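Common to both upcoming complexes is chain A, partnered first by chain B, then by chain C.
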Partner chain A sequence: MAEHGALLQCRVCSHLSHPPRQLKRFEVMHCPRCGARVKFAQQSNSVEVTWALLIAAAILYIPANMLPIMSVYMLGAGQPDTIITGVYHLLEAGQWPLALIVFVASIVVPLLKLFTLSFLLISIQRRSRWRQYDRMRLYRITEYVGRWSMVDVFVIAILVGLVQFGNLARVDANLGSLSFAAVVVLTMFAARTLDEHLIWDITRQEEQQNA
Partner chain B sequence: MSVSAEPIACQECGQLHRYRPVAPGKTANCSRCGAVLYRNRPNMLDAVLALTLAGLTLFVLTNVFPLLGLRAQGAEQELHLLGASLAFWDQGYPILAGLIILNIIVFPLFELLTLLVVVLTIRYRWRSNMAIFLFRWMRELKPWGMLEVFMLGVLVAVVKLGDLATLIVGAAFWSFAGLILTMAAATALLDPFSVWRALEKKHG
Partner chain C sequence: MHDNKGLDDNLPDVELREQRWPSLVWLIPLAALLIGFWLLFQAWYQRGPIVTVQFSSAEGIESGKTEVRYKAVTVGKVKKLKLDNELKHIEAVIELNKEIGRHLGSDASFWVVRPRVNRSGVSGLGTLFSGSYIGMDPGTNNDDQSFYKGAERPPVITPAEDGKRFFLISDSLGSMDVGAPVFYKQLQVGEVIDYELLDNQDRVQLELFIRAPYFRYVHENTRFWNASGVELNMNSTGAEFRMESLISVLIGGVAFETPAGVAGGDVSKQGDTFVLHRNYADSQEKQYATRLYYVMYFDGSVRGMGVGSDVEFQGIPIGKVENIGMKMDMDSLAVRVPVLVYIQPQYFDESFTKETGEVAMRQLVEKGLRAKLDTVSFLTGQKVITLSMEKDALPATIKTTQFYSEFPTTGTAFEELPFLAADIMQSLDETLAGINKLVNSGKLDKTVDNLNQVLSEAEQAVKAAKETLKTVDKNTLPSVTSDVNKISQDLGNTMQRIQGSMAQIDRLTAQNSPTQHQLQEMLEEVTAASRALRSLTETLQRQPSSLLRGKQGE
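So, the complex of A and B:
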């Protein structure tokens, strides 16, 4: 992905290899060591694909928060919960550490991911040289924390699987959980498709021009 | 191939370096971003093999025994790992059920089996095509294995249900905790750079 003069680096195994002399526009090169696809900077569509995934995630973020994610029935009565009412019920019950975990994992992390990845994309498109090291750290953190958003989906799965006592007590899953899981999956793909080496490429190009 | 001249690039920022052997127990870091380039860990393979075998045992135990139980008004409900994965299926969300099965059963098992094949391949100098294929996909799929995230989910659910009814923590809960620790240790110990080099030497 990143180019070092004549050498290309594989993103999976970091193996460096020489590209073929001539490569047509849509020709694909595979890493000689691990077989993963290696892309050239000039044919990289990382920025466009990441934008597409991010926009899809941002759109789905709305139903994920508006629609109920699960419904709890006690003695026949009950009501559907959205993510935010779920957090509110936890606060009401005095379980604020739990409320905090769910709030951060389900609301803060996905939002931060949408904003951070957009910020990184814009800074790459503007060929910014501003604090490249910090931006790369930001990318790593964003990439790492994204998967923890799945915790709410897992909690629903556990509750639905465990609380099935007919009219006495029952938990059902609702459509919001599907939208929410889709947001998590899409932002995870977005973090993956964003080629973080693009953050450094502007310096590398200048180094090569000056050399 | 002369060892000293081999160029390598930092996985994090792409900075170019030359490979130089480091003393046992030492680490080589990137000069620009500080990320670990490679380590010299003399007994890495044996330790990873031991952890992988322990992990596979714990994986089987975790799937055989119930994870949680709930008792309410005389009725009792048990939940296995597979049951938690399939809960969404019964509710009419097969895609979500599939995603969870991948997250907590398929990918973790794939990771353990890959580690086993990779370590044995390097140790007994087998042909490395299979190990290379598996290791590549294990590295690519790593973020999608979510055992520790699921564990946090279990803890949240336990606290949530605590007031509602009598909760029974099953045997699988403890093997599951052990499995997470074992896999984290294996990941921390394994140096991808050394693995790729070892796999490469056997087969062009």
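So, the complex of A and C:
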């Protein structure tokens, strides 16, 4: 990592170069040898990418909940279910633990992820120094738990693959499941692209200035 | 800020490029936005119309579950069930999908499919497992509407089946039911799909559906008849048995045919109305519209004749008995049996109208056309009315009365046979009486006496002659000669008297004597009678069945 005032090293071809005296707006640095983009450490676009992924996930969260995700046909009868109607049917059938699991994994967790990541991003952008340690833990929990929402998608995929007995019993995946899978994947990527050290960035900069 | 130390000076400055566009990563939310919009648009676009269908009962219908199917494809779902304002019906709010919504017409029909067992079969068995569903037919037009009345039972024909509908008018429904088969040449080509009582006509209208391509056998002159059950006809032409199919025996049915010899006419259009005949025989009759009604009075019993008995002309049925009544004249206490018949003059000539037919009938009656009762079968005693030209009928006319014109009748044809026999017997009697009279009168006796006398006289004369001849030798010739003269004189007298007797006999048996005439007549009668008897026995030998079925046409 090249520091301001020191030399810059291209990450692709390891070529060294002088940084410019001043970096104007809309100007980005490129390696003079291989043309790859060269960045300052604090100039990471992690926040931007995370925002982009997060917004995409938030957009797809709407159809994921509004469109049916799965249709189960038993003896010719059945209908497509959205996540909410699926939970409702489970509750109706008295399977409230299952309903709870589905509700938490499919609605609460993605929603929490969206809110947590947004909260983290905003706090990073505002250079907040508030409970940095807890925020880091929150980030880690979010990143770890987030992938489990994919269980839903796997269950649908497995059911669709296994339960195809014509009119006797049949499970079809609907468009909602694709949206839902996209939401899970996008939030996972968003969590990945968010640099947790940015939470500590402000502290680090202050330490540098003090030093 | 620059620490220019040795190696560093050879290093190039970093290349600066201008980048006004935000990071490419923003394409992801853009794509998500597009996909999201597209999905929502799809969902919105795929949404079909929401219609309300009224049913009499919600049995088997569940909100959020019951599907609407068209040709076994799910095309919608019941969203909500509610009672109507008067609590008489239930209303199912149905969301249909886009495709069916595009074809939904104002004549669309909805019905609940439940397991159903009726006479024509079992249907909807699948719903035992899958639950009831609502069947639908999107109809033919595109006038969308939001409220429909649901039918109580599924239509017999599957929607959009190719075929034509026809109507039949019948006096009664008989054993017909929805689903009763329609036969053409004993092939099932359609079904009865509906029936209703016509309000003001006291008749039943059946609606038929005849499948493609069979509907092109339905012509304008096609006859439909009730093929229910078994048809057994026993009439003068023998017994006839007819049965369309076992199914029709059990559940009734309709058959149709275009009678041979009748111009079929154009292929019928959808919705044409026909008459449903009671049976096959009925349907095969010529459908002449013109009917002349006459009342006939017959002497003697009309037993063996009933409503529907034929009126024949030379063996061809040209009419029918409509009604047999009884009428009493209060003054004379004479009871008469008026038989109301109709005659279809178009059998004589198809160009006859009611008026010209009537004129022709009058002319025929003037020439000797009479009605009489005719027994067509000894066994059943069945009678028909035959119209025939009588050779020496008393002059008569068709009497126009207040109600129906009166047609002149004559004695029954079969009652003539005993009459004929009686005639013969009578003349035989007369002849015998004449002979008796002749014998009894003593005329013959006298004649015979006379003859005897003459003969005995002749004998005496011959005896005398012999004796005389004996004495010829002994006595003298002159005395012989006188004797001979005397004898010959006697003989002459005798001969004269014989002649007289013979003349008397001659007179009795002369060509023109009454006896002679009577004998001749008797012989003629006997010959005629024996001829008739011979022809009868010959007929019986050839066709013993004619005793039962009547004489067949030559």
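Quick note on the criterion: the second predicted complex is superposed on the first by the 171 of 211 C-alpha atoms of A that agree within 3 Å, B and C clash if a C-alpha of one lies under 4 Å from a C-alpha of the other, contacts with A are read in each partner's own complex, and residues count from 1 in each chain.
The rule is simple: contacts are C-beta pairs under 8 Å (C-beta built on N, C-alpha and C of every residue); 3 or more make two chains touch, one makes a residue touch a chain.
Fair warning: this is a prediction, and the values are worked out from it, not measured in the lab.
By the touch criterion defined above, A:L7 reaches both chain B and chain C. Legend: residue contacts after superposition of the two complexes on their common chain; A:Q164 is shown touching chain B, with no touch to chain C. In the superposition on chain A, contact of A:V28 is made with chain C only, not with chain B.
When the two complexes are superposed, the chain touching more residues of chain A, out of chain B and chain C, is B. When the shared chain is aligned, chain B and chain C each come close enough to touch A:L16. Shared-chain residue A:V151: touches chain B; no touch with chain C.
In the superposition on chain A, contact of A:V102 is made with chain B only, not with chain C.
When the two complexes are laid over each other on chain A, chain A has residues 7, 16, 35 in contact with both chain B and chain C.
Against chain B, in their complex, chain A makes its touches with residues 1-2, 4, 7, 9, 12-16, 33-36, 90, 93, 95, 98, 101-102, 133, 136, 140, 143, 146-148, 150-165, 168-169, 172-173, 177-178, 181, 185, 188, 192, 196-197, 200, 204. Chain A meets chain C in the complex at residues 5, 7-8, 16-21, 23, 26-32, 35, 38, 45, 48-49, 52-53, 55-57, 59-60, 62-63, 66-67, 75-77, 79, 175, 179, 182, 186. Contacts from chain C toward chain A in the complex involve residues 1-2, 8, 11-20, 22-23, 25-26, 28-29, 31-33, 35-36, 39-40, 42-43, 64-65, 67, 77, 126, 129-131. Contact residues on chain B toward chain A in their complex (touch as defined above): 7-16, 32-33, 68, 70, 72-73, 75, 77, 79, 83-88, 90-91, 93, 95-96, 99-100, 103-104, 132-133, 135-136, 139-140, 143-144, 146, 149-150, 152-154, 156-157, 159-161, 163-165, 192-193, 196, 200.
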